[in-house]
Each structure stands twice: as structure tokens, then as C-alpha cells.
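See the structures that follow.
You will see chain A twice below: alongside chain B first, and alongside chain C after that.
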Partner chain A sequence: MPDDTPLLSLEGITKDFYGTTVLRDVTFALKRGEILGLVGENGAGKTTLMRILFGMPVIAETGGFGGTVRIDGQPVSFRNPFDALDAGIGMVHQEFSLIPGFTTTENIMLNREPSRRNVAVDLFGPRMATLDRPAMTTRATKAIERLGVELDPDMLVSEMPVGHKQFTEIAREIDRENVKLLVLDEPTAVLAESEAEILLDSLRRLAAQGISIIFISHRLHEITAVADRVVVLRDGQLVKDTSAKGVEVREIAAWMVGREVDANARVRSDRKYGGPALEVERLWVDMPGETVRDVSFSVREGEIFGIGGLAGQGKLGIPNGIMGLFAAGGTVRLHGKHVELDAPRAALDAGMAFVSEDRRGVGLLLDESLDWNIAFTAMQVKGSYLKRWLGGLFSLRDEKAMRALAEQYIEQLEIKCTGHRQKAKELSGGNQQKICLAKAFALEPNLLFVSEPTRGIDVGAKKLVLDKLRHYNRDEGTTIVMVSSELEELRAICDRVAIVDEGRIAGILPPDAPLADFGLLMAGERAAEASA
Partner chain B sequence: MKTPFKLPSAARVRRFAADNVVVLIFLSVTAIAVPSSNLSASYIIQDLLTRYGRNAFLVFSLLLPIMAGMGINFGMVLGAMAGEIGLIFAVDQGIAGVQGLLYAVLVGAPIAVLLGWIAGQVLNRARGREMVTGYILGFFMDGVYQFVVLYLMGAIIPITSKAITLSRGYGIRNTLGLDSVRQSLDKLLKLELGPFDLPMATYLVIALLALFIVWFRRTKLGQDMRAIGQDQTVSHSAGIPVERTRILAIVISTLLAMVGQIIFLQNMGNMATYNAHRQTGFFAAAAILVGGASVAKATIPNVLVGVGLLHLMYIVVPPAGARLFGSAQIGEYFRDAMSYAVIALALALHAWRKRANAESARAGLRGAASGAVQPAKTEGGAE
Partner chain C sequence: MNKLKTAVADFGWPRIIIFFFVVALFVAAPLVGVRVDGALSDVLSRFGQNGILVLALVPMVQAGAGLNFGLPVGIIAGLLGGTLSMQFGLSGWAGFLGAVGISLPFAVLFGWAYGLLLNKVKGEEMTIAMYVGFSMVTFFAILWLLLPYSSPNMVWGYSGTGLRTTITLDGYWTKILNDFLAIRIGRFFVFPTGLLAFFAAATGTMWLFLRSKTGTAMTAVGSNPDFARAGGVSSDRMRLVSVVVSTVFGAVGILVYQQSYGFIQLYQAPLYMAFPAVAAILLGGASVNKASMVNVLVGTFLFQAILTMTPNVINSVLQTDMSEVIRIVISNGMIIYALTRKTKVSK
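Showing the complex of A and B:
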């Protein structure tokens, strides 16, 4: 076969979900034995692109995609991931898909076990064949050797160090005889530095054996170290497709986060802050998918402190942990006073409020009316909007006060609704978000956490929410900690922005720092110069 | 940072106790009751030997669903019902001896497969709540069984023997005498060993079943069941037909329960037509849990130890109650309460252990706990 037909070529891939374009005209090709580094922020379209490649049913269910996928020059369309596997594409996922109580061998050979026929096969079908254990071990060992690593074929996955799990997973993919293309989605995210090195070596070995590799990683130095070519996606478009030779991490970071336009980042020399409002030391939070490992920072009185970073790195865990919604440890002090963790009530009593990213789950009582929603937490925590009877023996809701409160916020935040008795679930996402804000404001907090305040709401509502936050900060002097995936919006309203990477704070930057610096921090490069 | 977590020895002892607390409690109660019962050793041993033959097969039927991650198959009573229907026909046809039992198995098998398939379908729709769903399904099917046996048999389903029909002309009598097949399997190969009678044929059947299970674990289907028992998502993404495999586990379990119930009843010699299956699931579950199994893991030794321990208690506690409290009934209440307590404790322990495991797995993620020191460069303020 002539070597110049690319193994894989993507031509004009376009995809939209319910009118939102997530991929626009993405075109690139991959040669045999080539390692392609695929880079992009969250929402840049990497995941969607890989889903298209693998024929994930979700793509067809949402209306298919535009463009052509070719393998060895032939157009293909996979109806499900198994078709893709048959065509020789292997995927190594971010989360381990291993059976914990199985050995390395059993996992590598999972559902492809060599077996021996017996009488029962003729009677009841092929699944009654007994497993050929020695053959399984031989094949697994061979796959491990191809990787060039040391793995015990008889070790249980549950007892393995995390690096071995990752190698087991890769070995499983390359055991397939026809494997031509391997996609690795953040394979090093869970690995220590030295383990990641070994992994990169293995990738080079596999590439030398003629296997093409798509390597997705947010650790850009790994991309430059191992990839032959770099493809950068931003907002669903391919912004760069270049040979990796001579490319610097800093350049990739800049391509990834965007152009150097600093229209939003105003210089705020006139801002004045008080002493420390919130001090966090060695915080860990056990939030699934957003684990915080070791975070320390301090927020000054009157400041808007931004926390950014890629999804899954732990930025969401910080407010959720401090507010007691997930198991957490470490020290948190508010105005010098110790705040008890693992106790939402204690956090609220201390004067902190939280607008959760999980609007529908944590933020709202969906089946209740707006006035209830707005007054609810204040009622619970501060006993506001309650009328006391018989010297406080029992108390009833003060409907009138609640109504006044609701109407005040409906007007202030321009909430579009039919009235304060409307049910929260009937509002649009943007208006629901405003209700969440109103609920937090009604607590009159001295420190407000807002988490992903503009996620899933339209542009107009976005601006209003950000303006309200800024005003609330300026007029009421409330200190705000804002967590967001949107770097631009953090840079627009925050006084300082911390970037979280792998459960730790990679650095804290002023909002007008060059975009590439933010990109570097997200890429796990603890830039030494990153200080305000 | 990623060194494996080592248990200190005190913790290890605690862990062992926690893992085996059900067995330990049971052992201590029985140890107190054995001397108080005043029963002779040979009596206890003979009774145990008989009860092994009677019950072990039923308990074995629980193994596969546990392996497939579906917990204790309380829906096995469906199989028991199928076995009873088979026996009704065997008695009605007047087929005696081991042939009668085989006939009952042949009649019961399609019914068990059908019921098992239905149960499997239902349980697939009740993921994560298989045990309680299976339990309630048993109650529901009990109603269907009553309808079939009490109204349809003799009316629509032909029953020839007047002796087993209610006097009104249709429906089966409350108690079905199994004289034609009574202990036919037990007596097929009787071995007299000193003072003891050993029903070798029954033991042989049980041994064959144990061998079947050992072999089954090594088949592709067995491997698939183990895989889905640990992680359904991973198994599914590896291409294992998860739902079908789960249904197969339940079908096999129901079939085995059907055979188990027939073996049980041939030993008893008569059958409470409408009650015999009611407690089958409960006894089998108690036995396997007493043997040290959990709802997530069970082995053949668990079955053997469990049947022995549970029935030892069942033998000794009523006479012990009679001697200590002057009433055998107290002992009977007590042994039932103990058995239920064992099930409740095992379920609670399983939930607790699952949480504890998740907790210790997460502990590894905690930066502060792992001793990693973060360079102090978080303060970027311009004060």
C-alpha cells in the first residue's frame, strides 16, 4: 500500500447540537505512524470530534454531522463504537474502564478471551466455551511487551498503582490485531511525572511500529515532546495545524486560548481592598470529577477573586467544598474566624452564600414559586420572612414580606416571569440563574461564591448577570469569589484570577496578564513569573 | 504519593472481624446453645447430614446471581414454585420414585425458564434494587401460583387424581402427600456409616452441581458474569451483552432453585401446597450469608459452611429454649429472629462496607493527606 494515502482524514467536519455549532469545517489528516497532538480548551470541540470518529450513538441521535471521515482513503460511517473498533481504531478513555477484580491479563483480554470448544458449546452456544488461560496470558504478555513496559500479568487491577492501570488500558487496545489508530484522551492526567515519561516512550514505540496516534492532553509540554504534528481547536474551529518541530509551549497556549485582545481587561488601579476576608489553607475537596487536592489562597475584602481552569481540574470543587456540599478538609477562615467544613449550615451562618453551578439540582426548588425560591435560604438560615407567634413557639411564613422581596428582585434583575407565584422550573435558564442570584443576595452575605454564573444562558442575560455581580461588589462591598470556565469573563470582572490545574492552584494572575500566561497555567506549566 | 496504603495490624484485626462479623455472632450464639440443648452429638450430626442433603442445592442456586452483581436472588422462590408444580404433576400422574422426581424436573424446567426470564427482564429494569424487587416479585408470583394451583388446576388444567384435588372438584389440597416419591433420591444410594445414614445419591447430585459451578466460572459466560458483576458500564463498552447475561444468571438460578426445591420436598415427604416456597428464599439467603458470603461475593465454601452453621442453630436452639426458658417456642422465635437479623445485618454491612471502600479510595486523592507539599506561591496580592 502506498504510504502517501493518509490513514485517517477528516474533511469538513461540521456538527451542531440543537442549533449551537460545536464544530465548523474541521479538516485534517493523519499519516501512518504519526503522532498528532490535539489541543483545545473545554468546549473547543475535541470530545465531539472524537465522538464523531467513533460513531457514538449520541451523534446520530442529535442529527448526525456534516463532512466525511476517511480511513485509508475510504469514506466510513460508523454506527456505533464497535464498528470503529472493527475498523482498527482504539480509544483510551480519561476514566479507566477496567474491571477492578480482574487481573491485568483478564482486563487486556476482556471479551476477546481465547477459548476452547467443548460439548456444551454445541448444545448451548459459544459462550459455554471454557477460557484458554495460558493463551490469554501469552497474548496479554505480548501486548505488554509491545508497549515496552513492565506489568505483572497476574496482578489485580484494584491493587495496581494508577500508572499500571493506564498501561493495562492501552495494552488492551493494542492487543487487537488490526489496530491502526489509537486515540488517547488525557492519558497522563492521572499519572505522576515519571510515569507520564514512560507513557510517552511507549507512544513513540507504538508509532515506530506503524500505529498512528491521536494524543489529547492539556499538558502542552507533553504535546511538544511526543507529537509530530499539533492541531489546535478553538470554539469548534481548527485554528492551527502545524508540524510540532520547533513549536514552543507558549505558542500553543496562545493559539489555544485565543487572540491577544485586551479590550475587556481594564486596569483597576483605583480599586481598594481591605484585609483578608477569606483565607483558605491546604484545602482538599472530595467532589467527584472535580477533586481539589491541595489549595491555598486568600481573598481580600472587597475583591472579586476569579478561579478558572479546565473542566475536571478541581475549580468547581473549591466553592462546593468550602460551602460544605462535599467532603473536604483543610483550614478555612472567614474574617479570621474558623469555618467548619462538611457543614453547609455553618458556612451559611458564617455569612457566606453560594450560587451553585448545579442550578437545577442545588440552586432551585423547581416545583416551587419564585418568592419561595428567593426567600427560602434566608428563611432557613436567618429566620427572615417569618412571623412569630406565641413568643416564638411557632412561626409562619410572612407571605407579604416574601412577595415584596420577590418583586424587588424581579424588577432589579429584570427577571422575565408572569409573577412571583410562577414556578421556578417554568423559567428559562438565564432567568433561573437570576433567581439563584436573588436567593444569594437575599441572604445579604459578606462573601459570595458564584460558580459558573453564565453557563448555559444567552448573551444578554450573561451581561446582566456579570453587571449585577460587579455592582453588588461595588455598591454593597460584598467580596465575591467567582468560578468560571470562561476565561474572558473572569478577566472582565475579576481583580485577580487563579488558575486551577490538577487539584492545585497553578498560579494567580492579574486580569490583564497576557492570555498566553493563562494558557500556560492551564497547561500545567507552573510559570515562575506568574505573579501579580 | 502513590505508595499502596498499608493497614496497621490493629486495623487488620478489626477488618477481619468486620468482614466476618455475621459468622462470628452466629458462631457464638450456637456455641452457647449447643451444650444447653442437651442433644447428643450423634443426633446433631445425623440431623445435620440430613439437612445438608435437603438444603444445600437450594443455597447453591444463589451463587450465580451474586457473581453477576445482582445480589441475593430472592426471586428464586419462582423456581421453587415451578418445582412444586412439577411435583404436583408427578404425583397426579402417579409416577413414583426417582422417575417421578425426574418427571417433576422435566415439567418444572420450562416453567422455571419462563419465570426466570420474566424475573430477569424485571430485574434489568430495576438495576441497583434487584434484591428488594426480587423479593416483592416473589410475593406477586405467589399470588399467581395460588390462582393457578387453587383455581385452574382441575378446572382448566387437567388433574386426574381425586386424592389430591379439593372436595369441590378443582384446586389442589392444602397438603400434598409425596409418598410416591418420598426420599426416593435419598434412599437411592444409602450409605450406613456407623450410626449415621448418608444419602449418597443426593450428595452426589450436590457435588455435581458444585463441579458444574466450578466449571461454569471458567467458561466465557462465567467470565462475563464476573465482569458485569463488577462493572456494568465497562463490560458494556467491551461489548459484553450485559442485559442478556444478567437474564441468563437469573434463569440458571431459577432452574437450579426448581431442582433444589424438588430435592428439598422429596426429603420432607409432603408438601404444604401453598406455603412450601414462602420461606425458601429467606432460608437460602440466611444460609449463604451465615457462611460468610456478602451480597457481592459468594463462594462454594460459603454455601457449605453456611448450610452447616444455620442448620446447626436450627437444630439446637429450640431444645435450648425449652431447657432455659421452659418453652421450645421461645427458641423457635429466637432462631427465626436470628436468621432475619443475619440478613438485615449482612445487607447493612454491605452498604457500610461499600461506603467505607469509597471513602478509603478517595482518601488517596487528598493532597494534604498524602503529604504532598505545595510550593507557597499562591499569594499574588499587591498589598
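Showing the complex of A and C:
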């Protein structure tokens, strides 16, 4: 094509959610027939960027965005996904949006079915038209052929292997007459290696037909294999926009996780550890979306042990499984003593405490006051904050002690609130997180699990939370296992960092290991040998 | 002014409107020839008579098991206690306390079984509970005929077997609580000291229970079951405890109700007993997930006041008896209103 205007260009895209900037001045362009590999860690802003491109209502509801989106050089602003579809943008989502009881053809043609007129149409309007099934099959077959894959047009979606579902979804997008740009959000995440290969071939074919593709994937070798260009986002900023030619997986991994920081700045020589505090062997956890398949590790007394990895790989499943919140199996020993799984009470009685990543769902009693939130677990597990009456015949809540406890932590953790009677739901995210920490500290655990302790909280609160964790570790001797998606945070506070990939520990690294090594482990490239 | 506004908002407009409606009824009463002192006395005794049945709803609401539409389960236990106590020939205080004592093991047993069932139908408790109540009442309608009761004061006169639909408590424990230390002022006003003291004691017990470790755990289960579980509390167990406590209070509640009413009503009578109690607690400002002693007291008082006063006044105005119709309209109207109201619970 002689026309040199890029098909899509994003200029200075900026977006913030309630004061948190998630995208800052992102600019790049995409030529016709080009495959662009978009990579970045979770929370780097990929999804938000695609939502802006696709005109998702959530963007407008949260105050719109800054910058310009141009298609064929013309500025566009989509008010909803239908506008984007009309403009020739197709999107294939991670989750399948297919109807299980319909066939391949029916799914591909859904809501665009060629139809036939009949008497009812004249009487009641076009909604009464009958489907032109032969035409549907022809068109669906054509779309499938364009992909270059084998799909039975009459097979029910519910009976298909996952790979075929993914192809059906893509076929649906390319059936549109005017489709110019296809966005694929982690299309290979659910596919087996061989299926992924076929998919990549299809993408190349589509690109050769002049369709531009934005391909999002965490499997970096796929990016290097298929993409013409690589765009790397980190913390909402575009950090690299380069031709994919000659780029190594290792380089992309390093761009993704960040610049090399001076690891020597941290003094670690004075760290002393005792014997093994927590020993986990062959743990599996059935936590939806965070399945742990086979994990073994051991945490030393007095250590801060970090667990990182991408979302959905199973890092969150580890603490949730050990604390008995999801069905789990395997062997867990705390100070040599066997801990029963599937029993939250047993885990708490053993002296472990857990700050859940699901703050509002599991961490807090939103409708109750702060003193309840902080004291409840300690009351139930250890019988503290109860006052005995009539010689121990019965005991009642000791509201005074609960109040003192709450006030102590409100001061110590700088929790901003109107007082200990305020309801937990009225606090900001950061302060709610501090309440969750206070709840765990009130148990005086000898092993503390913290899961995503800084997710969704502002910088100041983040620092305070990390400082408190460090303080409890250094001064109270609490062994801490911290699970986080933020690698920088793990590297800053932990003594060792394990990276989880596909439900298994891909490797355990010292925090000052080169960033690229972390990136490679996260991306499932086991090339780098783990060295602890 | 702001303070007043928040106070009003806390108390809730519905309660304020109904309160003024009750006041208006009291003002209107003398104009249509209804005695205010007699009416007030009626309201007080009905307040104490129904209060414990309303109180019985609190634990299950707190534990997140919804409004106990299965209150008849507890009522049946109370009826067993009452009839057995009569059968054993107990009367006076021994009769009443005997009835309470005998009903307790039944209440615990029934409540436990009923609780096990409710734990299997989480999210649908209220509907299921209603049908559990209905089934229980109907099943016992058969048993009342078949059980070998023989006290001549209770069985059908012509056959000599099977309990009568209505059994008078005269000579047993009629108004034993109402009349205990009762204060009589003038011809029409009686302050039922014993009844209200008993209700106060029951309310106090419930209040203490909710402040115990178990009560606290129960409230947390109702507020956020996942939080409670992460805190090492078994939500099923807490719900079971709440159902048992609710059933026990239901059993005691019906005995208090009957001694004030003067009759034991069997067969179909317990069928709809849960509805006025539910209406009262909702009127008192409780939601499906949160209820307090204040909700119980305010709700029972307002509900019983309307139920007593509206028919009185309207009957006198219209010169006909339509009290029963008005009662049904009001109590069911309250339930509809309260259940459709959005509950303000954060999830």
C-alpha cells in the first residue's frame, strides 16, 4: 500500500483513576499489516490502554483520558465498543465470550446473521426474519479459511477444545467486512504449545492480508517469534518501542521489570537467620484463578521471604492454601510441627497470621467498627479482649480493652479515621490495609503471611506498610512471607525472592540478582538457573 | 439543626411517621369513644406478650441466616412444653416454669435439626424457613390428635382423645406474669409489671449473649462469612447456634404469649405467628442482616400500638368489626415494605 499514514496512532495517552496515574504520555503508531507485541507486567497499563482504544464505558465513567487516538490519521473518540467495532477494530478477550450451546458458525455469525425475508418481516419488522443458514456457513468457513486453521463449522462450542474456542473467537472478529485492527489480549494463555504455534501462524497470515495486530502476551518468546515491533510498558509509561528484529527475550524481560538498581545500597551482611521456620512440601491449592500445582520451599526463622510472579500463576494460592482458606494438600510444617490444611483455625492456632490480598472480601468486616476489625481474630483464636464475669461462668467482650488496642494501632500505624468506632468501609484503601495489618499484629504471630500488602494504596501508605513489616521482622523477630506482584517491592524488603510460574516455583533468587533473571523466571523461561 | 437531622436519619423516617400516626390515634381515640387508659393498658400488655417472639428473630439475623420465618418450629416446642406441663397437672408458677423447662430440650433438638437444614440452603433461608414452619405446624396438627394426652381439660369432650384447638389456661397459669406485681390505676389501666420484667430479662439475656465471644463470632459471620472463616470461626457452627437460640426464644416467647392471652392455641394457630414478629422487627429498623435490641423494642411497641389502636378507632368510627382485616393488611404491608427496602450492607 502506498499510503504511509499509520493505521493507528496513539499520541500522548494519559489516564488516571481517582488520582492514581495508570498511563502517562503513551505514544506509538502501528502500520498496516504490522504485528505489534505489547508487553508489560501486571498493572503496567496494557489493559487500560486497550480499553481506551476500544471505547469501553468504564474509561468515560472515570473521567475520560488525555491524548489523541487516530485511525488512518483521523482523530477518533469512541463512546462505546460498538463505535470501535464500526471503525474496524476487533478485540479478542482473554475470557471466552462465546455461547457454549451454539455451533462454531452460529457463534461466528452471532448478531450479523444473513437473513431471509418472509411474510412475518412485512408484518412485524426485520426481527422476524429467518436465518439464511447456507450463507452463514459459507461466510463462517471463509473466515476460518482466512485464519488457516481446521475448524468444524457445525461443532458445538461446548464440545470444543480450548484452542478451537480461541480460533472461533478470532474468526468472529475477522468476519467483519471492515476489520483493520485486531487486538488479542493474551490469546495463548490458555493454549498448549502446539496450539499456540498454529495461532501464531494464523496471525502471520492475517498480517499478510493487511490486518494490523496488537498482540499482548506474557510469553516473551512468542513476542519475538511473531511481532514486527515490540512496545514495552512499565508503570504506565512506554519504556521501549523498538523493532523486534534481533531482540532477545532476555532484553525484553529486563525492560519489562525495570532498570537495574544499585543492589549494593542495601546492607544485608548483618542478617542472621535461625533454623527452618516454615517448611512446605509438594503443596497444591485449588484456588480459582490462582492454582498452585506443586510447590516446595522452606523459610528460615527471622527471614522475609518474598513470593512473586505474574497474576494467575498461583502465587496468591500459596498463603491462601496454607492458611486453610482454599482446598489444599501437601505437607506444611511450622517449627517442625505439622500444620493441618483446610482448617483456618489450625493455621491460626499454630501461630500463623495472614493479611489477605482480598481486603474487602476477606480482610475486613466492612459494616463493623475498627475495634471489632482489629480485635476479632485475636478474641476468637486466643480468647483475648474478653472479660470474665461471675467467676468465669461467662465472659463478655471487653470493650475497653478493644478500644485501647484499636487506639494503639491507630496511632502506631497512623490510621486516618474519626475514631475507633468508625466503620471499616468508610476508610480509604490504604487505611483499610493498615487495619488488616493491625488485625494480624494483634495476634502476635510468629509467622506472618502478607499478600499484596501495597495493592491499590498510595505511596505514603505503601512506605509505612513496608516499614512496619520491616520493623516487625527486625525488632519483634516475626518471620514474614510476603506475596506481591510488585517485584521492586519484593527486592527492596525481602531476603530471598521466589518466582512462581504456572503453579510451580520457577526459581528462588537473592534480591540483588539481575532483573533480567527475575523477568525470565516470570515469563516462564527457565533458561536462567535458579541460584539462592 | 444538623444534630437533629442526623438523629432523625438514625431513627428513620418510617418510625417517626408511624410514631406520629400512633400519637394521632391516641388523640383521636376519646373523640370516637375509645378509652385512652384502657387502650394504653392493652398496648403495654401486647408489647410484653409479643416481645420475646420478636426478640427470637435477632440471633439469626445477626448470623446472616435471615429473618426466621420458621419461628413456628420454636412455637411448636413451646406448645409441647405447655401441653405436657398441663398433662402432668402442674399449675401456677410450677406450671409456667415447668412448661418453659419441658419446652427447652424440644426447642434445642428442633432448632438443631432445623439449623442443619438451613446450613444446606444458604442464600435461600427465608423461603425454606417459611416452608419448614408450615410443614412442622401441619405435621404437629396430626400429632396433637394422636399423642396420648388424657387431661380432661385439654382433650375433646366427645371422644376423650386428641387435643382441642383452643385450651383455656384458667386454673393453670393464666396471666401469671401479667398479674405478678401488677399496678392497677383506675378501672381500666393495668401496668403488667411481671410481664414487662420478664421481657426485660429476656432482652438483657439476648444482649449479653450477643456480647459474648460466641455472639461476637455470630455477628461477624453475618457481617462477612469469609472474614469470620479467615479468623478461625466456623460459619456453619455459628449459624447452627443462632438457629438453636432463636428456636429456644421462640418456645419461651409463645409460652409468655399464651399466659397473657389465656389460651393455648393448637393446630393451625402457629402457622402465621412468624409474620407479625417479622413485621415488628423490620418496622423497628432492623435489616435482613442487622438487628439490635433497640430495633426489637421500638418495633414491637409501634407495631403493637398500631395493631391495637387502628382497629379500635376505626371500628368505632365505622361501627363495624373489621379489626382482623386491618391487622392482616397492616402486618403484611409492613413485611412487604421492609423486605423491598434496600438493605445497606456493604459486600
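In the analysis below, the second predicted complex is superposed on the first by the 486 of 532 C-alpha atoms of A that agree within 3 Å, B and C clash if a C-alpha of one lies under 4 Å from a C-alpha of the other, contacts with A are read in each partner's own complex, and residues count from 1 in each chain.
Just so it is clear, contacts are C-beta pairs under 8 Å (C-beta built on N, C-alpha and C of every residue); 3 or more make two chains touch, one makes a residue touch a chain.
No experiment lies behind these values; they were computed from the predicted model shown.
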First, second, both or neither for A:Ile508, with chain B first and chain C second: first
Chain B versus chain C as contact partner of A:Thr377, first or second or both or neither: second
Which of chain B and chain C A:Leu396 touches, first, second, both or neither: second
First, second, both or neither for A:Thr130, with chain B first and chain C second: first
Chain B or chain C, by number of chain A residues touched: B
Touched partner set for A:Gly361, first chain B, second chain C, both or neither: second
Overlapping contact positions on chain A, where the chain C interface meets the chain B interface: none
Sites on chain C touched by chain A in the complex: 208, 211-213, 216-217, 219-220, 223-224, 226-227, 229-234, 289-290, 345-347
Chain B - residues contacting chain A, complex: 1-2, 4, 215, 218-221, 223-224, 226-227, 230-231, 233-235, 237-240, 362, 365-370, 372, 374-383
Touching residues (chain side chain A, partner chain C) in the complex: 323, 325, 344-345, 347-349, 354, 356, 358, 360-368, 372, 376-377, 379-381, 383, 386, 394-397, 425
Residues of chain A that touch chain B when the two form their complex: 81-82, 85, 97-102, 106, 110-111, 113, 115, 120, 126-131, 159, 161-163, 192, 273, 282-284, 286, 291-298, 300, 327, 329-330, 496, 498, 503-505, 507-510, 526, 530-532
